[in-house]
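Before I ask anything, let me first share the structure, which is written out below as structure tokens.
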Amino acid sequence: MGERLSFASDYMEGAHAEILRRLAETNLEQAAGYGCDPYTEAAREKIRAACRAPRAEVHFLAGGTQANRIVISALLRPYEGVIAADTGHITVHEAGAIEAGGHKVLALPHTDGKLTAHAIEGCLRSYRADTNRDHMVCPGMVYLSHPTEYGTLYTMNELEAISAICRTNKIPLFLDGARLAYALGCPANELTLAAAARLTDVFYIGGTKCGALLGEAVVFPKPNTVPHFFTIVKQSGALLAKGRVLGIQFDTLFTDKLYERGGAHAVAMADRIRATLTEKGYRLAADSPTNQIFLVLNEAQLAHLSEHIVMGFWEKQDDVTIMRIATSWATREEDVERLIAVL
Amino acid sequence: MGERLSFASDYMEGAHAEILRRLAETNLEQAAGYGCDPYTEAAREKIRAACRAPRAEVHFLAGGTQANRIVISALLRPYEGVIAADTGHITVHEAGAIEAGGHKVLALPHTDGKLTAHAIEGCLRSYRADTNRDHMVCPGMVYLSHPTEYGTLYTMNELEAISAICRTNKIPLFLDGARLAYALGCPANELTLAAAARLTDVFYIGGTKCGALLGEAVVFPKPNTVPHFFTIVKQSGALLAKGRVLGIQFDTLFTDKLYERGGAHAVAMADRIRATLTEKGYRLAADSPTNQIFLVLNEAQLAHLSEHIVMGFWEKQDDVTIMRIATSWATREEDVERLIAVL
Amino acid sequence: MGERLSFASDYMEGAHAEILRRLAETNLEQAAGYGCDPYTEAAREKIRAACRAPRAEVHFLAGGTQANRIVISALLRPYEGVIAADTGHITVHEAGAIEAGGHKVLALPHTDGKLTAHAIEGCLRSYRADTNRDHMVCPGMVYLSHPTEYGTLYTMNELEAISAICRTNKIPLFLDGARLAYALGCPANELTLAAAARLTDVFYIGGTKCGALLGEAVVFPKPNTVPHFFTIVKQSGALLAKGRVLGIQFDTLFTDKLYERGGAHAVAMADRIRATLTEKGYRLAADSPTNQIFLVLNEAQLAHLSEHIVMGFWEKQDDVTIMRIATSWATREEDVERLIAVL
Amino acid sequence: MGERLSFASDYMEGAHAEILRRLAETNLEQAAGYGCDPYTEAAREKIRAACRAPRAEVHFLAGGTQANRIVISALLRPYEGVIAADTGHITVHEAGAIEAGGHKVLALPHTDGKLTAHAIEGCLRSYRADTNRDHMVCPGMVYLSHPTEYGTLYTMNELEAISAICRTNKIPLFLDGARLAYALGCPANELTLAAAARLTDVFYIGGTKCGALLGEAVVFPKPNTVPHFFTIVKQSGALLAKGRVLGIQFDTLFTDKLYERGGAHAVAMADRIRATLTEKGYRLAADSPTNQIFLVLNEAQLAHLSEHIVMGFWEKQDDVTIMRIATSWATREEDVERLIAVL
């Protein structure tokens, strides 16, 4: 990775040291496979407690695209599609995983990476009003990311409104929390885990991008939302024989609020970078309060910064380039200082 | 269907009388199943001749959505999607058939219902340029309708340009000819069957909307484009045991140019209606030269016309409604006179 | 088809003359598309009456494999498979259509082409008892053919037993009636349409092999068994724009018991052939009372018969060959006399 | 997991200590995602060297069912199925994963868990000879496990014969090596990694059951066997963002032959148990030389052993029960001594 500092993404390091310590500590204990071990059960219990959802069903999967594909396929009927922002991860960056599972992504225009209640309602109303609707894909689910792919956050008002629409229309609401730690650790965030469990039908708590080696915890607040979900996971090739690998990680992340603390650290680091950027007159593409910063750079700026740090490429627009700087649970203060010096 | 004249669609009547006559005439002959009968073989030969494609592989299917789904699935690799206009039949009105087959429809903005070479090229270039392309759906095919869903026609220049892009990029070009008779019978049309065979990798000659009881003839100009296509058709539940039912119909349609003559009749009828509409100052939504007319009606106009004729509902826009008038091979001159009187 | 008489299958001719007459008679009437026309509605009503199932949902599809694939996919959950005889049409002769729809066919050994209640119960019990069952395909449906692929018939006792097992285990029972006319027209048959509606969750009344040009009537005795089945049919590419083509045919078949009469004729013809075969000492592979006869022929017999008639090839076993003779609604008495003369 | 010793499976412990050490040691280094990091590249190089296949394409997946489903789907055409033993993992214990991917498993009778060249040839010949073959699933691939699910091993003669059949028939040969370490570490084994690369078109080197936390290395000896396999993996939800987690593990397993040494240890432990079993007159269900032992136990034996050790349940047959004892890379000598004492 050369000598340049990298802020390209939030999944460049391994895992919280405590996770590795516990994997090592329990390594030679014998445990049942497929998530039936006591560590996984402990993780489930801690997540249920954090979500104030004592009856919730919790399943551990390996990654975000996997969680999205399996959850969406399992909840939709064949004739249904999933509503998502046109910037949503499932819309753009999952190589057609949802369609490979048989379903259309009904992409709606975003506002700062967010779906609006208004747009969702319009989509549902227009479907119902269409005389050809029986020849069309029926909107059967709503997919949100929180934080979004642009690092933005839904307000509680926005989420309550979207949840209410879903319940009125009897379609499930699914929240992709691949970066949920960076919301939970953000002062501007209003959504608690308990609120997520109350407002959605299923959501996941991202591990991979938030300090685990791998893993996402899928939470169905209401048990048996999808009968035989375990077998569906197996059939999808997503069941780990050594389920403990995921269980131990989430057990650790949900001990002493490690999950949120990792998120808070990243946001604090990003805030310092943002402050300097503002001070120095850099232009931001989106007003994100979490761990991702989207910079609009002209050629000179891009060349200068690229000399010293690695950023993530986002988009080329005419004469500017949008680049992403991401901090994480692992970002070192000294590296942030060095970045600030460069700016 | 009541006493009002209906111009709602081009599939409201049965079939050309000659088709019924031949079905009756051959009814008690014994013939091999699954399209291995002599009538089907004769139909294939006539289509090959009409297409000047002596080695073409011709398969008969029952309907348009079926043809689209099977052809697209058979040609795409799992990681690929199909480029189509955002007004394309596969994009909007096939209930997610393409996605149910595992593939994303990559919808591009249309111009009068048509894809442009420019937009296709942009889509391919932007895919290739994206550093994340391996996480995205690869554009693997182009789908056109001719006539389009708006009744418009591609010029030969447009089709040559699109075909050239597809060949340069080594992706197949698929032309949906559900209403091809209404192009072939239209003075403004430039595309011959021979040109379709030369420019595309697969296309179909629509029967259902062009005078058959049911049936579409899928033409692969180059044999073995899809190995074992017969078995794929069977597996898709699309193989008729009595293949003769399709074979006899296409044999008849391709005898004495019945197919084109039916189309020409419909276009002549539509031209007379269009002339009156223009004269009377009606506004048209699209400038279609074929058998479909899209009217922009205000409330008073809509009420008046609806009293006397049945039109197809297309779209509601603020204070106007877009309605479709379609003629067909079966439209009677006296009915057109009555419609003109109403206008 | 040469000069030899053909008894190769029951789908070698077109359709009952009355069907063609009615198609011609109604040909130029305008009717709504997609099965919303009055002929299709009349056919539905007649089928409901014949089944004594006034609330039944009736959908018309084009062929048997199509009906099997769509019905099975629509009823099974992703983790479920369908129990069928190892000789069942879906197990052997549908090119993997069920698997292409995502589901395993759980093949059980047959007895004369029939599944036994005992075998089904064993399969369900063994699944439930298996400690690894969550890693296995869950039996979620039972598929029967009546008549079977061997021309045999289930007794009412057998069907009652199988239906009871399905209800106890809360899994649907699906009866494939591709050749149902040849059961209804058979003196040995015990199953009425009303009993089929009472004992199954869905079944279809075959048209293609029983005197129609094409078409199968899928009957769900209980409405809304599969929500949005219409859209699922559309998505599967199985919805005919001119639904009247199927509606008129079934309306005709269910007028004056044409359906059963066609079946009875075929069985009477087969009975005469069977009587001669028995008399002449031919060996039969299965004891079928319906329109199919399976002959076990040595080389000399095969050569002799093949000189005069066309039979369907079934199976080669060591030094004998099993060939099928099938009669149909269209079989002519004079041809049966000629066949008898040959024997 | 209670106080009883467990020999239930070979995935009850974590990973080789060296793997955990290296994960910890590299934990805070920044590395590119999705398998583009230097550890993963190093692992690929070591595997290529071990396989003497310098151009091989190596992809790391998370588990066996995932590898089987993705590889099989990627290689088969829609009309094809995969030949496997009726005891194969894909046939029985993957919850219909292959069928969910659209393909039939063509199950052939096993001999000691193995497919025979004779049975494969028979299946291919009978498909080709069938006059109905275009209505049937085409055998398009052969799937073997080595060691098999019964712990048995193919001889080189057997593998050469099967490979030759596949090449003659132009269908790929796929070897599932979920437990390959226990073959490589077994004195009776004849198959080297180099031979696997020579004889198959794709195989995988199992990590999960052979000392890794998770992970399987899929090896395509010939590059570009499946174009865009990376994107197919992504679309299937199987691409880990932190690909390093798999790369570091395989890099470690292929350093100083840790992979084979782990296997050899397990086999040595199993051999000692087998010797005692033979001495004590226990009956074995299969003659396995690797790390799995299948015991045929009467009720008294089962009760006695179950009091002291945990075994894996395999099958109940009339009055006996078949139980599995599995050793692994992690089995402790002292535990084997205790087991021997119990016996």
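Per-chain residue numbering starts at 1, and chain names A, B, C and D are given in the order in which the chains are listed.
Methods note: a contact is a pair of C-beta atoms (placed from the backbone, for glycine too) under 8 Å apart; a residue touches a chain by one contact, two chains touch by 3 or more.
Everything numeric here is computed off the predicted structure, so don't read it as measured data.
Enquirer: Given a C-alpha superposition of chain B onto chain C, how large is the rotation in degrees, taken in steps of 5?
Expert: Angle of rotation between the two copies: 180 degrees.
Enquirer: Call it same or different for chain C and chain D: same when shared residue numbers make up over half of all numbers used at their interface.
Expert: Same-residue interface.
Enquirer: Name the chain pair with more contacting C-beta pairs, choosing from A-D and A-C.
Expert: A-D
Enquirer: What whole-number Å value describes the gap between the mean CA coordinates of chain A and chain D?
Expert: Once rounded, the distance between the two centres reads 33 Å.
Enquirer: Would you mind pulling out the distance in Å between where the CA atoms of chain C average out and where those of chain D do?
Expert: A distance of 42 Å separates the two centres.
Enquirer: Express in whole angstrom the distance between the two chain centres, defined as the mean CA positions of chain A and chain C.
Expert: Inter-chain centre distance comes to 50 Å.
Enquirer: For chain B, which residues are shared contacts with two or more other chains?
Expert: 78-79, 94-96, 100, 134-135, 231, 234-235
Enquirer: Tell me the shape of the graph of touching chains, choosing from line, ring, star, complete and other.
Expert: Looks like everything touches everything, fully connected.
Enquirer: Which of the residues in chain C come into contact with chain D in the complex?
Expert: Against chain D, the touching part of chain C is residues 78-79, 81, 92-96, 98-100, 102-105, 129, 131-132, 134-137, 313, 316.
Enquirer: Touching residues of chain B toward chain D in the complex: what are they?
Expert: Per the stated touch rule, the residues are 73-74, 77-79, 134-135, 138, 227-228, 230-232, 234-235.
Enquirer: Taking the complex as given, what residues does chain A use to touch chain D?
Expert: Listed in rising order, the residues are 1, 6, 9, 11-15, 17, 20, 23-24, 26-33, 62-70, 94-97, 100, 208-209, 213-214, 231, 234-242, 244-245, 330.
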